[in-house]
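First chain written, first letter: the chains are A, B, C, D, E and F, and each begins at residue 1.
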Amino acid sequence: MNRVPDEGLTKIPGGTLITETPELGRALAFDIARHTIHNIQPDLDILKGGRPNYATSPDSLTAAGHVVAIEFQTIAAANNYWRE
Amino acid sequence: MNRVPDEGLTKIPGGTLITETPELGRALAFDIARHTIHNIQPDLDILKGGRPNYATSPDSLTAAGHVVAIEFQTIAAANNYWRE
Amino acid sequence: MNRVPDEGLTKIPGGTLITETPELGRALAFDIARHTIHNIQPDLDILKGGRPNYATSPDSLTAAGHVVAIEFQTIAAANNYWRE
Amino acid sequence: MNRVPDEGLTKIPGGTLITETPELGRALAFDIARHTIHNIQPDLDILKGGRPNYATSPDSLTAAGHVVAIEFQTIAAANNYWRE
Amino acid sequence: MNRVPDEGLTKIPGGTLITETPELGRALAFDIARHTIHNIQPDLDILKGGRPNYATSPDSLTAAGHVVAIEFQTIAAANNYWRE
Amino acid sequence: MNRVPDEGLTKIPGGTLITETPELGRALAFDIARHTIHNIQPDLDILKGGRPNYATSPDSLTAAGHVVAIEFQTIAAANNYWRE
């Protein structure tokens, strides 16, 4: 098996939900969502094999965006929405 | 690849969740949702190619609206719901 | 293109999440959900063309109801649940 | 058209999210979810026509239960979870 | 009709969201989710007839797990997450 | 039936939502999500039989990731987002 490298399997990259800016918080949401998939399916060849279908299907993209939105909701709350 | 321009890849356009009005907060929710898709699939031709199916399918539109609703939930909380 | 009239494209009709009653808050949730669809697909003919399938499919109706539920969750929180 | 009676179109039956007990709050969640569908599709014959498929499909039932869960989340928060 | 027994139709079994432990709170989430289905479709034969398909489909199981997750979110909040 | 071992049926492994770190909280979210499936379908052979389809389908993986995101939202709130 062509396995996702170990750093791709960290569940919370960086080990914290706290970020300096909303942009970094959103990037973390993407990372957490992606690492979740890696943890469920760590075989890179299977992941890459599915990408052409997934990334060209509007409904699949919407579903992926939905998950990022949920992860971000958690991260934004953790950071008190970066209010000053 | 006909790539989405860089400004379309900013994850949180404007860099903040705070907006002056609910209308602007909702507009931000749309932008964040769209930029999420751009970040997952940055090829404009593929994005445009999927639009005719997606934008004429009620179920796809509902799913897209669902994501905007979640993004807005986060933004509305960030702004204390624009209460006075 | 037979375009949705401008007032159908306001993202937050009335410009506020605050309503006098739960009933009006729920009506706002419906409006926001509908205007979201209008903003993604502003061609009235396409919207009307999809309605016969959509509005007679239980699963499509459930999905639409799901979105209204999320929008209402935000509005209800904004109004402190109209507690006295 | 065999239209849902007017009382089935009230968006928030009873006009409040506050209930005496969790059981009544859950019943309200069911009612709100159902009235949402009635408002989107007020033709009783169409609604009844779809029921045999919908109510015998596990996935459709799960999706309906999901919506009730979201509505209840809002109602439970409104009632401070009926804590004493 | 081979009807679900009355106790299976209680919407909130036990009549409260408050539980002593997270494990019991999770069990309540399962029960509430199941009773929701029973209330929408109270015919046991139909429910049992759908089970072989539903319980062997990964996507159906994921969707069911999603609903339990939402119900638990409400129950966990009701119990202040069983923090000491 | 080749039944999931008893420890795989605990609904909240460890009996608490409180964890020392976000990484452990995320691991708990995975565990809770998996044990939910085990409780609904405790037959290991059926679970393993579905895995090849499920774990190679991008949409199924996205749906599974969605559930983990929801479970984590609850756990993160329980831990006050591990803020210091």
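To be clear about the criterion, contacts are C-beta pairs under 8 Å (C-beta built on N, C-alpha and C of every residue); 3 or more make two chains touch, one makes a residue touch a chain.
Note that the coordinates shown come from a computational prediction; the quantities given were computed from them, not determined experimentally.
Peer 1: Treat each pair of touching chains as one step and give the shortest count from chain C to chain E.
Peer 2: Minimal hop count between chain C and chain E: 2.
Peer 1: Can you check whether chain E and chain F touch via the same residue numbers (shared by over half) or via different ones?
Peer 2: At the contact between chain E and chain F, which are copies of one sequence, the residues are largely different (under half shared).
Peer 1: Return the distance between the CA-based centres of chain A and chain E, expressed in whole Å.
Peer 2: From the centre of chain A to the centre of chain E is 29 Å.
Peer 1: Find the geometric centre of each of chain B and chain C from their Cα atoms only, then give the gap between the two centres in Å, rounded to an integer.
Peer 2: Spacing between the chain centres: roughly 17 Å.
Peer 1: Residues of chain F that contact two or more other chains, please.
Peer 2: 59, 63-64, 66, 70, 73, 77
Peer 1: Which word fits how the chains touch one another: line, ring, star, complete or other?
Peer 2: The chain contacts form a single closed ring, each chain touching exactly two others.
Peer 1: Would you pull the chain D residues touching chain C in the complex into a rising list?
Peer 2: 10-12, 15-18, 32-33, 36-37, 39-41, 46, 49-51, 53-54, 59-60, 63-64, 66-67, 70-71, 73-74, 77-78
Peer 1: Mind listing the chain C positions that touch chain D in their complex?
Peer 2: 21-23, 25-27, 30, 55-59, 61-66, 68-70, 72-73, 76-77, 81-83
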